[in-house]
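Chain IDs A, B, C and D follow the sequence of writing; residue 1 opens each chain.
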Amino acid sequence: MKRIGILTSGGDAPGMNAAVRAVTKTAIHHGLGVVGIRYGFAGLVAGDFVTLTAENIDHMINAGGTFLYSARYPEFAQKEVQEKGVEQLKKHDIDTVIVIGGDGSYHGALALTRLGINSIGLPGTIDNDIPYTEYTIGLDTACNTAMQAIDRIRDTASSHHRVFVVNVMGRDCGDIAMRVGLASGADAIVVPERQFDIKEIAERLKRGFKDGKDNGIIILAEGVMNAADFRTELLKYGDFDCRANIIGHMQRGGSPTVLDRINATKMGNYAVKLLLDGKGGLAVGMENGQLETHDILDLFDEKHASEESLIDINEEMTK
Amino acid sequence: MKRIGILTSGGDAPGMNAAVRAVTKTAIHHGLGVVGIRYGFAGLVAGDFVTLTAENIDHMINAGGTFLYSARYPEFAQKEVQEKGVEQLKKHDIDTVIVIGGDGSYHGALALTRLGINSIGLPGTIDNDIPYTEYTIGLDTACNTAMQAIDRIRDTASSHHRVFVVNVMGRDCGDIAMRVGLASGADAIVVPERQFDIKEIAERLKRGFKDGKDNGIIILAEGVMNAADFRTELLKYGDFDCRANIIGHMQRGGSPTVLDRINATKMGNYAVKLLLDGKGGLAVGMENGQLETHDILDLFDEKHASEESLIDINEEMTK
Amino acid sequence: MKRIGILTSGGDAPGMNAAVRAVTKTAIHHGLGVVGIRYGFAGLVAGDFVTLTAENIDHMINAGGTFLYSARYPEFAQKEVQEKGVEQLKKHDIDTVIVIGGDGSYHGALALTRLGINSIGLPGTIDNDIPYTEYTIGLDTACNTAMQAIDRIRDTASSHHRVFVVNVMGRDCGDIAMRVGLASGADAIVVPERQFDIKEIAERLKRGFKDGKDNGIIILAEGVMNAADFRTELLKYGDFDCRANIIGHMQRGGSPTVLDRINATKMGNYAVKLLLDGKGGLAVGMENGQLETHDILDLFDEKHASEESLIDINEEMTK
Amino acid sequence: MKRIGILTSGGDAPGMNAAVRAVTKTAIHHGLGVVGIRYGFAGLVAGDFVTLTAENIDHMINAGGTFLYSARYPEFAQKEVQEKGVEQLKKHDIDTVIVIGGDGSYHGALALTRLGINSIGLPGTIDNDIPYTEYTIGLDTACNTAMQAIDRIRDTASSHHRVFVVNVMGRDCGDIAMRVGLASGADAIVVPERQFDIKEIAERLKRGFKDGKDNGIIILAEGVMNAADFRTELLKYGDFDCRANIIGHMQRGGSPTVLDRINATKMGNYAVKLLLDGKGGLAVGMENGQLETHDILDLFDEKHASEESLIDINEEMTK
């Protein structure tokens, strides 16, 4: 084993750069070289490579986004495109690869492994929607960003005795909404994993105002419904002042939190060790706070298990 | 002069609480009492009053929103409603009033003055759309909140070589957009005060990517156009990856910045002194960094003058 | 069981208010009353009680510090003082107590339980120095606050090719230093749990500058040594520009992070359920990400186990 | 006029990079080249130059510190060293220079102008201690950083009914202390410009606690006294719980605020235009919110005039 190639794929997430830094520093410690592959699998096939050193990635621990860039590249599903990628890697003496991204990008890591390039997948996405892991790199930063935005929104909600319906990210997975909702003291959290009763939510809000609350906050995963549509529905059951708000893409960016930097660093460090052990085709995850691995193949049939007890606690406190 | 009544009106703005605190502390220093009037002019007429002391407003300097609450109350345009308000004030020994809000709320201050209650208006709105003042309480916080959101958005824009069209607040006044745009290094700033050429902007963005830029940011005052519509128009002239984003209500809330706290404090302090001097019917403003006053009556025919040179500088640096 | 008394004790920590809020909202849901005891055990004995309602604690989820106040009160070690406290509780129909604080304050919870008032201890301290728990309420916020300060310090370190020795909190426990150090990309992390070689650290820093690094950061738990003294020692082995810095008390305050708010909420919710189950004399902790309990008595002989692998990873990446 | 050289000198300040970016973008617009001179005047003499383009400085608007680095270089006071610098500039076709730094660094700008290289000084220091300007680049960010730290400290002060004596930066100039003190609602602001009565301050604090305040904050410019020494003095006149805290070097770093980015951008833009007009030997400043210039020579005999009215307002509100 001589050189590790590293790429980021899918949507960017805070902590990706910290993971790249950890891979680089750990690899150098073990006498290995590290090559940054720019623009994900597209750059792998195009040979868009840049040598990483302990010094040029030194400032990356607190940078948001991914300095290696990311790009969509569905073409990598094709065998001949994958083989072209392997050729590029071999030409540059790269014999192992670490892929940071969503589970979609793990397909590429598995394909490379099957073609003789041991590859490891690290969970890099704010959405926490990857099976067999309770945590993905970027989740904590995204949640804190959304929560801080909602703290601001609550100021104006309270000033005007107003309800806000707030869309946070999450297509099929309500994890951001659950965390942000509980942390924001939301009156209701609406996620894809659970049914909801919009009339009951309206009653809850009315009861709150009647009991002396001066604001109402509903956290709504964007995969369930658009905030504006939810507002329209809600106003059928109550005549309070109500606004819709979308937190939007700011949730993706920003300097990572302590937790995201630490976990990204642990995972990057761990991935290098797996490669040194001759492992490949594995996805790194976290279970009960501990790092572990699963065969990438096992992930494709599975669905991420959300910590739904957060919803239960919130319901207990708001009903 | 015995007691000052103070109320907040219109949309809430960070720094309103700091202004209320300054009024209270200054008034107490001069041997005067201070009464908080809750829910704006509605509370004035309803007699929703709360005594303010140096201690119970002590923690308010860094609180967002308005703890005195705000409310719409168009009924205060009617003479008989105003007289009911004056009655309430007299019943509670309140002989002067300070109103913090937009220029709409200054009408109320003028009406009270004409009915014998000397009243002063302080510019409290994030929008900076009040004539004869270059600054309104809350502007700096709102701009910093929006800019920090855009810093995050730029992370993800850069990671994907993407353009973002971002709506910031500002119906008729582009001041937030101008400040945030220049401070964010935007490729284009689009405001109500200036015509814009969407094709030229698309060309500018394409030229940027060609020259090696990895992102594009357009700051768009929401009074001009919705970000989604602008995006649709823009994509007629370029085929770059482009997303629309609305910063939204979070711009209104949050703990105020140094500048907003200092200016709110100066203005609150100044307003008490104007009342002590027997003045009324005046609006406090800022011109060339100095506090000054204008007759409220003079404001109604005037339009706020934006610092359009910010646009000129931005154009010079992006074309 | 009728009413729960709740108090905060020891140094304040961000998330204490969120825990009080969770206790209150959960208790109300189960038909119980909640009484806030001000100034810790001193207030318990003095009968300084305030009724908590779902509405008056609603805004507390994001407030730093403890609105119930905290106070030193060594007198509570005396049996007759404890009995006076129990008398006060009985007089106010309070039959159970939740104590949020460090393990010192758990003594009081145990004493109350032995006198017939079932009491539960929640780990509330930024220091993470309580046995049988990997997490204490406030830890994550304190770490993020320190890390953000160090991000700022690194800017000026880099601008001047300078080394900073930075004291973070932690008397006997290096957990804050370990987390902040790894998350800050520190060149060295110095904690009470590990021996250190100041000459080796100096060599490491010199090697860094020689290899192209433009700054050096050493994170030093304050229990090990004062930053200024460490600097003096360090300069014996190198002639780089070096400054000492103490992050200080700001680490204790501020609005809590998502993780601290969620964990505080989970723990407050859980403590009420333990009391409903007739439990007392227990300390709530977290192990492998799951809530669990230990007899308070068991804690006194034990020492907190730090996640020392963070140090190992950092050493691997910096040597 | 062909190429502008730009350097940063003295202590780094947030917004320096934004100013460099503005100079670069404006110069390019006017068909000029821009050369970054690294490590201040030391790099000028050593010829440590790097070409700046619109793209490589694009991301610099929000970066703290100075990416051009800064360094002490007292040797530049010598005529022959200055001439060596001019030689280097001429060799690289640089015929004008912009210096961003404190008034110490303006000596160098004046020397270069006298040797035929028109040079302009921009006020870049957090300390606001330059004559003939009410504002220096970095001031607003430093004040906001300090104020946010103090907001956190107030949380813990309130939780324990404690007084904090907090050192903020400022050797001979109390501007940071005045702004931060007023914005933090400090009980006392102690600056080099004013005498203070430590006994009277102790009385004020005691009166505050007696009247129901739950904390005390004293903002102390570090040029006056060390916080620990002040605390010792203060405790001679009162027996309250009191701690000393130093905000320290974090005040220098961090991403600049809206105000610092806008002013840095305006000043960078303006400096290029002054050079285009054939001007040299001038320092750019701000007076009543407007950009203006002074002969550098005039500055050396002058002292910066602080906005001492901030102190008066604070005294009025705290006594």
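The definition used in the following text is that a contact is a pair of C-beta atoms (placed from the backbone, for glycine too) under 8 Å apart; a residue touches a chain by one contact, two chains touch by 3 or more.
Just so it is clear, the model here is predicted, and its values are computed rather than measured.
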item	value
Topological distance between chain B and chain C, in contact steps	2
Farthest chain (mean CA position) relative to chain C	B
Where chain A and chain B are represented by their mean Cα positions, the distance between them in whole Å	35
Chain B and chain D: spacing of chain centres that average the CA atoms, whole Å	28
Cα-centroid distance, chain A relative to chain D, in whole angstrom	39
Numbers and ranges of chain A residues touching at least 2 other chains	151, 154, 158, 214
Graph class of chain-chain contacts, one of line, ring, star, complete, other	ring
Pairs of chains in contact (touch as defined earlier), listed by label	A-B, A-C, B-D, C-D
Footprint of chain A on chain B - complex, ascending	8, 11-12, 14, 63-66, 69-71, 145, 149-156, 158-161, 164, 214, 243, 245-254
Contacting residues of chain A [partner chain C, same complex]	21-22, 25-26, 29, 53-56, 58-59, 61-62, 134, 140, 143-144, 147, 151, 154, 158, 179-180, 182-185, 211-214, 255, 257-259, 261-262, 265-266, 269, 288-290, 310, 313, 316-319
